[in-house]
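The first chain written gets the first letter, and so on, giving A, B and C; residue counts start at 1 in each chain.
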């Protein structure tokens, strides 16, 4: 320590060989400083904080297994006749890309395993990114100062879908070929430039001989590079902001409570990488994924029942399925001024995804504008303590799930022995009413949970022990909470609607009025946290129920 | 409160029981149908046709009419051939349990001899596809060619791995694993229900033999990658990664962040 | 304003009103007292945990060995069965899983049971201090001053113009990604070649089909004669020209005026490419005469000239006019009268050109 501050002090000389190497590096890169900064950095511990790590680790697994696959894969669409060891395809005409994918599966030792590792971790990657984003949304972790990191995360979600889709198409099998053809159909529906984009992507007409090579380049170079860049930005901001934490005793917006990076958190996070890898390996060893040998080589004539994209594109495919192409005898596709407007493809392909992603990107600013909340938040909201946000999130989630389910409408029909057409009719209805129901139900559930919290905070936990009092009354004994547990239930903010305020000119403008209305909508239904005074009152009554009832009716400004 | 919550559990338990029951019966069906091995017999005696006529009058005439001339409940069977009867009766689809979008496969209602007699009777009414010869069912054809024919002609309904698929308004194309070679062949030549007919002029007997070879080979092979998750494609894979994959990982995260006692 | 209980370090902007004032709130009791683990107090428990961790690491070694044995002992020769591949894949998975889970669970167990589990609290610091902001503003001002960019608008404006234009070549250079769309989308191989009508042939072997072969209730998957002999662009042509051939009772077809001679004795041929987004519409229900697309469930009614009766497609499937040649084989009398497959921006012009 003193060596750096006083120049006259003798230079540090390491005693061991390892020490000398460390010192050599340290003198040149300044590792000691970094270690001092980060070595004991505190990270809060909660299972729901791990999904980002799952995503990061599955990305690492993707890089490792993907590199292996590139050594054997040949992205050429030249024609060849299969000569590998899988007899049901012997001598069948196919592209070199498909043939080399089969060779990876059947003639390269461990190739099938690596293919399955790669594909399972791809599905897991997008899934964990999604769950991570749901966690961030429902706990309000996107609020200041983390809005930009939310945007970076959203970009990562889109990039992960792009990485998945470009990879899905590479083996040039029948399933992915038909998937590409659907993409081509969707692109062609774009007004003015659709046909151009399609010809540029495929190097001419579909399928052409270029597209696999082009997707390959995107899949192994451009998209992963962008993902890496975004991950670096994402993690850099995590370091700048420090992690959020759940509310609880001793935790506030000014501190971060958890385990130090070294040793506990580093051990857990590092160990967790091996755990994720192990789970992926188990799946890859025991469960088939993307059995390309079943699908056969791509040929524009055949198609298989159950042609679906991988799950993360499913919601777009489902939306395509739900859209009616004709209403009565009226065709949704229109010819205006001699040009074709394929609304039956354009609307479902662009509108729902557009709405979902736009709202997702904008949400931190939407909420900020409504609540006029410019403070930093490092303590998370429990989802129940932000009922309207939670309800908005669930409405979006249900909307997504309806479209998602629609992508499997044929399998729903065959597995539950219902009519395919009825499944579509139901899902069309749910597309509109599902989010509304989800919003109402979620909000009511959140408020009910808040009331439950209040009751427990004021009267303690139900013990299940029934006691008969001397005068004959039966009561259930409630065990009072200790102050730490109670603080967990009462230590949250419960903002009330913020009425319209005049601006600098002393005028309440229209926008401000709209904001006030939204604020009213956001916060009008609320259950305020219990207060010490109420606890006092509840103890006064000692076990009587009236206190809760009156407390509830006072504090809940229900409609 | 307690009593109420207990009551609430009951309907769930009933559903679980129902599901278990369905699974068990489904399993039994599967076992029962694989036992039904086909033996190709193509010669009918006059006695067979006579006995078959009696069975027909007693069991089938309600819908298909006396003399199999058809009624509004069932089509005429004149000229459908022995293969159609052998398929429909042999796989238990006929007699139908009730009218619906499609006849379901179930344990055969008639034994082999009775099925033979019924086939003889219907074959005697008019010429139609007969029960296939043994050599086209031997599974010794060209699997690669069969695979190609299967993908072009069959996979769009039955799925590339023959796992089945949906048709319109409650109809479906069944999975083909566990279906005997003879019944596959008969289905192709007769086009049961909404399946198109694949006559010999469309896919020749050798082509059909190849298709059967392909189907039996992929059925015997199983999936090289482990359990095939129903061979249903990306939907079952997505479902699996969300439920099992993420489920196991969440279990690990909970263990990882819990305090040790 | 909150000072301790909401403790935000940076009170910028408006503060949302709390629902109640501060005095009514419960005070934060601080971190709960630390509870010792068994391994902290009982050396035996600590020793046990240590052995467990070592055992888990040992499992990892076993897993690695399983992997290596499975890799080297199972050889994939030319005649390996699927069962061998499955076994190897399973053992490789099992080996890797043990190797990874052994290390992972071992480390985590070590951290949980033996490393200190005191939660610590760290202060957060302002992400940006006012002092830094002012310093940064000064630096930026100095830089702007030294470049003189404000005083010399000519430099600034020409630079902006140059920078705005510079990316254009980067866009233009992608101009050769593909040819410009022309009317290739409007034509298929079915157009008669040198006055000779194209025969309908079976997919995939390319043998011609006689009208008598097509019995009622059957469905033929059809490609044009000569497709298999193409060397270049075979798939491109196939993608447009695949056709489904079916035979119904002639009285079940209801041809519109002008299309009466497009069918032959109840035999009709329709494009197999869905007008929605281009999947092959290959599912033919021979009793209902419906065609179903397996991708998005568009349903077409054969008895109404493949009108859409369900699903997202908006246009009927294009019909291929057919007849029989002198040898009794089915032939296409002309190309499709409209472009096949999904709609595109210029489609309507192409339709007009074809029918002109």
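One rule holds for everything that comes next: contacts are C-beta pairs under 8 Å (C-beta built on N, C-alpha and C of every residue); 3 or more make two chains touch, one makes a residue touch a chain.
Note that the structure is a prediction, hence the values are computed from the model and not measured.
Simply put, of A-C and A-B, more C-beta pairs touch at A-C. The chain occupying the central position, as judged from C-alpha centroids, is C.
A separation of 32 Å divides the Cα centre of chain B from that of chain C.
Centre-to-centre spacing of chain A and chain C amounts to 18 Å, using the average Cα coordinate of each chain. Inter-chain spacing, taken between the CA centroids of chain A and chain B, is 40 Å.
Shared contact sites, meaning residues of chain C that touch two or more other chains, fall at 85, 89-90, 93, 108, 112, 117, 203-204, 221, 280, 282-283, 294, 297, 310. In chain A, the positions touching at least two other chains are 45, 106, 112, 116, 268, 271-272, 275-276, 279, 282-283, 285-286, 299, 301-307, 409-410, 420-421.
Looking at chain B, residues 148, 152, 156-157, 165, 167-168, 173, 221, 223-226, 256 sit in touch with two or more other chains.
By the touch rule above, chain C contacts chain A in their complex via residues 4-20, 24-26, 28-32, 71, 74-80, 85, 88-94, 96-108, 110-112, 115-117, 119-124, 127, 174, 177-181, 184-185, 203-204, 221, 223, 233-236, 238-240, 242, 272-274, 276-280, 282-283, 294-298, 308, 310-315, 341-349. Of all residues in chain B, only 101, 143-144, 146-148, 151-152, 155-161, 163-170, 172-173, 214, 217-218, 221, 223-229, 231-242, 244-246, 248-250, 252-254, 256-257 touch chain A in the complex they form.
Chain contact summary for the complex, chain B toward chain C: residues 148-149, 152-153, 156-157, 165, 167-168, 171, 173, 191, 193-199, 201-202, 221-226, 255-256, 258-261. By the touch criterion stated above, chain C contacts chain B in their complex at residues 35, 37-39, 81-83, 85-86, 89-90, 93, 108, 112-113, 117, 202-204, 209-210, 212-221, 246, 280, 282-288, 290, 292, 294, 297, 299, 310.
Within the complex, the chain A residues that touch chain B are 45-51, 54, 87-92, 105-106, 112, 116, 120, 123-124, 127-128, 131, 174-175, 268, 271-272, 275-276, 279-280, 282-283, 285-291, 293-296, 299, 301-311, 314, 407-411, 413-414, 417-422.
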